[in-house]
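Quick notes on the structure that follows.
Order of writing sets the labels: A, B, C, D, E and F. Residues in every chain begin at 1.
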Amino acid sequence: MKVVVKLTGKLFDLGNVDILKSYCRIIRDRFLRGYRFAIVCGGGSTARHYIGMARKLGVSEGWSDLLGINISRVNALLMNAALGDIAYSYIPKNVDEVLTAWSSGKVVTLGGLQPGQSTNAVAMVIAELVGADLVVNATDVDGVYDKDPKKYSDARLLPKITINELKNLISSRSEAGTYELFDQLAISIAERSKIKIYFVNGFKPENIEKVLDGVNVGTEVIYT
Amino acid sequence: MKVVVKLTGKLFDLGNVDILKSYCRIIRDRFLRGYRFAIVCGGGSTARHYIGMARKLGVSEGWSDLLGINISRVNALLMNAALGDIAYSYIPKNVDEVLTAWSSGKVVTLGGLQPGQSTNAVAMVIAELVGADLVVNATDVDGVYDKDPKKYSDARLLPKITINELKNLISSRSEAGTYELFDQLAISIAERSKIKIYFVNGFKPENIEKVLDGVNVGTEVIYT
Amino acid sequence: MKVVVKLTGKLFDLGNVDILKSYCRIIRDRFLRGYRFAIVCGGGSTARHYIGMARKLGVSEGWSDLLGINISRVNALLMNAALGDIAYSYIPKNVDEVLTAWSSGKVVTLGGLQPGQSTNAVAMVIAELVGADLVVNATDVDGVYDKDPKKYSDARLLPKITINELKNLISSRSEAGTYELFDQLAISIAERSKIKIYFVNGFKPENIEKVLDGVNVGTEVIYT
Amino acid sequence: MKVVVKLTGKLFDLGNVDILKSYCRIIRDRFLRGYRFAIVCGGGSTARHYIGMARKLGVSEGWSDLLGINISRVNALLMNAALGDIAYSYIPKNVDEVLTAWSSGKVVTLGGLQPGQSTNAVAMVIAELVGADLVVNATDVDGVYDKDPKKYSDARLLPKITINELKNLISSRSEAGTYELFDQLAISIAERSKIKIYFVNGFKPENIEKVLDGVNVGTEVIYT
Amino acid sequence: MKVVVKLTGKLFDLGNVDILKSYCRIIRDRFLRGYRFAIVCGGGSTARHYIGMARKLGVSEGWSDLLGINISRVNALLMNAALGDIAYSYIPKNVDEVLTAWSSGKVVTLGGLQPGQSTNAVAMVIAELVGADLVVNATDVDGVYDKDPKKYSDARLLPKITINELKNLISSRSEAGTYELFDQLAISIAERSKIKIYFVNGFKPENIEKVLDGVNVGTEVIYT
Amino acid sequence: MKVVVKLTGKLFDLGNVDILKSYCRIIRDRFLRGYRFAIVCGGGSTARHYIGMARKLGVSEGWSDLLGINISRVNALLMNAALGDIAYSYIPKNVDEVLTAWSSGKVVTLGGLQPGQSTNAVAMVIAELVGADLVVNATDVDGVYDKDPKKYSDARLLPKITINELKNLISSRSEAGTYELFDQLAISIAERSKIKIYFVNGFKPENIEKVLDGVNVGTEVIYT
């Protein structure tokens, strides 16, 4: 079973060492049972720190993105180091390098790839290229809600959502900026390749195990 | 003046050697007068040939895109060879390589970069990174129309269009598939960095000169 | 058993999807039984299309070769995509990269490497470096003939030919240009390392199986 | 005049945007007057943050260094972005890449290169390879003191120090860990190539100008 | 068991083909039994030949080191070729490449990495990064002596030495130049990661086997 | 004027430092006057030393060639170091890298590229790709003779030779092995691109100047 896991950058911000340890334990355990993993890491607050400095220095949006991408790669390197010898010891920086890394049979860890696209999109691009069975998007909320859960206390968690509903949700919320689930590139790849996606709370590493074991958790994306 | 030119892949399909020669002459002339160029080439019918074979062989969408990207790079290599010593003698394959190539001070020629994104998006990503003053999108029609000019004989060429109108136009036409001006990634980069864009008929190389000289031609994208 | 297969570029011209599928099936089957493969792909008619355009644009012979080499690499990428996870997911572009790819234990697919040498020569260079037991040169005729079979209806297929006879045959026919079996570089590597070579009809994929099973087919090169 | 500037990572910690801006202005100004620069950036507190997390995750010293090196490279990328088109748009990751970058004639920005060596050592390795006339080590104190100025209020700034005195100073203070001026590798390169070195307070960018103009500031290393 | 072997460059000078053959036999044998190896080769007299020429040509110390490093890599390539298919077919040139090579699971052969550091230091850097259980430093004497055995006939071989004693020994003998066991960088990595090290006579390949089998030979470094 | 100089590896064997210094002086002088150079270095006796050891270790012909190629690259690095800042500070290892290096505008120094081809062929491949006006093949005899000058005292130096005569000469002498002027690949590139070639005595560096100034020296290759 081939799985792409997207880890929110916030996991690296808080110094949540114990959560990261749990991920390492789970991934090692499953890897030894034959699962293949690519772990895509977000940038988190360190990325935002550098982007903030860059803007004050008059740096363009594209180059600010590059700084954020490089921090997401350091997060990937931290995961790589913590995973030890089951990980491919290099953080791929473009699609060619991802494929070479994947060819090794080891766990691949990476961050962003290109300005203008989120690490959510990266997870989908990689999932499509390696023919992943599943993408687990480990975010900082329990899944997809009908409203922004950080604004509305009555927001309701959706156990399932169609790709079209997700697309509309993202368009309607784009002004918010803070509730970033997915971007258009991620959606368009999901649409064309119909890749199985789960949104789960990344601060509970056991959610990954549940998804891998077919237990309902978070929100599943449905193609109709 | 820093300019990104997007050449439709159709220019390489038809064996339009004389048009390509005109482009080379114009670019060389301007380069020697101090203009900086990045030339992004589309894939055209050879790309479609390979993508067609790939699908028959059961290849995934992501890998089919890789084939198309590689053909767009061969088109870029042809332009590179034709431009001779004013061109950086390598086709960059990712953002890092584009920046290194641009650092050389020479004309940079490239094709696609990543599955899931068009070469139009590539042109915008590069324009933002190198701080281009202008993107000239040389397509196979005279600019942006209010309707698809290949379907409606009364379609009207728009001399100007706001980025929001362009965005809506693209969303509404996405089902068509054949009238591909821009994709969402290209739009979102245009929006955030407000890069000057002209859509012109690429089969008339003199259009590039007009745009560079500030003469009205094709469609200009307006930010409000 | 380590095998280098040279596939004529013509297999990619005709859109012979079913033949390519057969090759994939055969290679996968043998790979799973422990055979190691490097597949060297020719450029075919797409290569000639680009070389033709290049010459009209006044491009030198060396750069025209580069264009042909790049198309042969796209052919290799198509094979790679069709072979799926048994293939090393990268097309090596020089000898160092070929060796790294080979080190992975997977099927390696490649095209040309350098201007001035044919993909036949590439097959021999690689065979020597990886210590191949066998080179199968899958061409567009049934093997080596005493005369050019495309000109003479009484040309006779030779079941065996010595390397010296092959060398003389190539020298005497060099003016023809179209009946390209091998080049001098290929011959000189064959001579010095005495690599087992079979010339077979590549449009009959089962020929590969016959050669691998020791069944007589096509023409065998003999060292005396 | 070829100059290597070592910037303490602390400049990137504090979000001292105005100081970084001053460096950019000074370097641009001198670059346009013919000076060549390599800027080596330290890792600072972000590096220490990641190293701290790494240790809690049980990561080895070598890999912890790799994390710190990668953060120093993000600092270098920030400088690069802020310098704009006078900088070579790539952060070299090993000696070969540094030399290629230097060959471009542009300002080269880099961070660490290898576990086990400080960015002070990197500055010396690069200075020797490019034949620098001068290394300016911009640290967080006013230069070299006879005692640790952070511990002893009566520590005296030394206007000059011989390389041997510096060597002894470093050996005797190695237990402290926090007062890191130089390491043994940096010393041994200084010794063998007798490279001119100044230690200055990096929080006063005008110090760089003073050193370049031959005005006495900080501490000069003397070879006898 | 993960082992780093440092081979003195002198093994490649003398054309000691039989000794190299023995190393290949021993390494292959152990590799097939599950041992992992990185083999770091010194430069030897060919390196000194090039460094000598470089100095006469007025080349700097840094570039002279680069020449020596490149010869040590040719020695590594010779070992690689002799080891055949158990070796990763590429000589890594920096730490990133070493880690990628190590990820392959094959024997990694390398030479120097950076000017200013010995191949002894390289062996320690690599040992720390791959988490080696053991470093065997195969030198041209029987181990570490209390005095320089090439000068004093009554020099006594030390079966054990503490890292501090080794450090002092190296400092006190640095003027000699010819009795090069280790450098400061190697010492500091040994200190911080407490890596098990044996110094043995490299002209007796069976010493490697003894060390691997826990038989006392040469000098062991002790951490207290 | 674009010039490719092939230097016989024997220049690096003998430790002919003064001859190398003269080459550096001449090349620097001409470079500053606007000449562009690629310097292709042979392997010489150090290459033969390693090839000899490789054969005794049972290494294949292809890998023995790789060893020789790597030594020719060390020779190129020595030239590079001696040329200083007018040289591109990297030894290209394949055709793509040669073109990137050439794009820098600096002097490019290189050795061999691929097993099975001589550095004479490399010089021709590069000359064709960069559009060189001239190849100067600096060998260890005064030019091309009607007989092998090392065997026959009455061998006569030919001031001119047609490419066909050269081709025949090479074929007829191939058994000798030691009198290696050119190989078939070099000839075929010369034929198709009609590149101006001079064979001169490389031990007299002033011959390069003569050829560049149009003074008759050595043997010129004529195309009819």
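One rule holds in what follows: a contact is a pair of C-beta atoms (placed from the backbone, for glycine too) under 8 Å apart; a residue touches a chain by one contact, two chains touch by 3 or more.
Since the structure is predicted, the reported quantities are computational estimates derived from the model, not experimental observations.
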_Intersection of contact partners for chain B and chain F_ = C, D
*Which chains lie in contact with each of chain B and chain D?*
A, F
*Between copies chain A and chain B, what's the superposition rotation on C-alpha atoms, in steps of 5 degrees?*
180
*Shared interface numbers for chain A and chain C above half of all numbers used, same, or below, different?*
different
_Quick check for the class: compute each chain's Cα centroid; which one is farthest from the centroid of chain C?_
D
*Whole-Å gap separating chain A and chain E, where each centre is the average of the chain's CA atoms*: 42
*Just give me the whole-number Å value for how far the CA centre of chain B lies from that of chain E.*
53
*When the C-alpha atoms of chain A and chain D are each averaged to a single point, how far apart are the two points in Å?*
36
*asked:* I need the residues of chain A touching at least two other chains; which ones are they?
replied: 60, 63, 66, 96, 104, 131
*asked:* Quick check of your reading of the touch definition: is the inter-chain graph here a line, ring, star, complete or other?
replied: other
*Pull out all the chain pairs that touch, please.*
A-B, A-C, A-D, A-E, B-C, B-D, B-F, C-E, C-F, D-E, D-F, E-F
*Which residues, counting only chain E, touch chain D once they are in their complex?*
60-63, 66, 93-96, 113-117, 121, 124-125, 128-129, 131, 184-185, 188-189, 192-193
*Taking the complex as given, what residues does chain E use to touch chain A?*
96, 99-100, 102-104, 131
*Using the touch rule from the top, collect the residues of chain E that touch chain F in their complex.*
12, 15, 17, 20-21, 24, 46, 49-50, 52-54, 56-60, 63-64, 66-67, 70-71, 73-74, 77-78, 81-82
_chain B-facing residues of chain D, complex_ = 84-85, 88-90, 104, 106
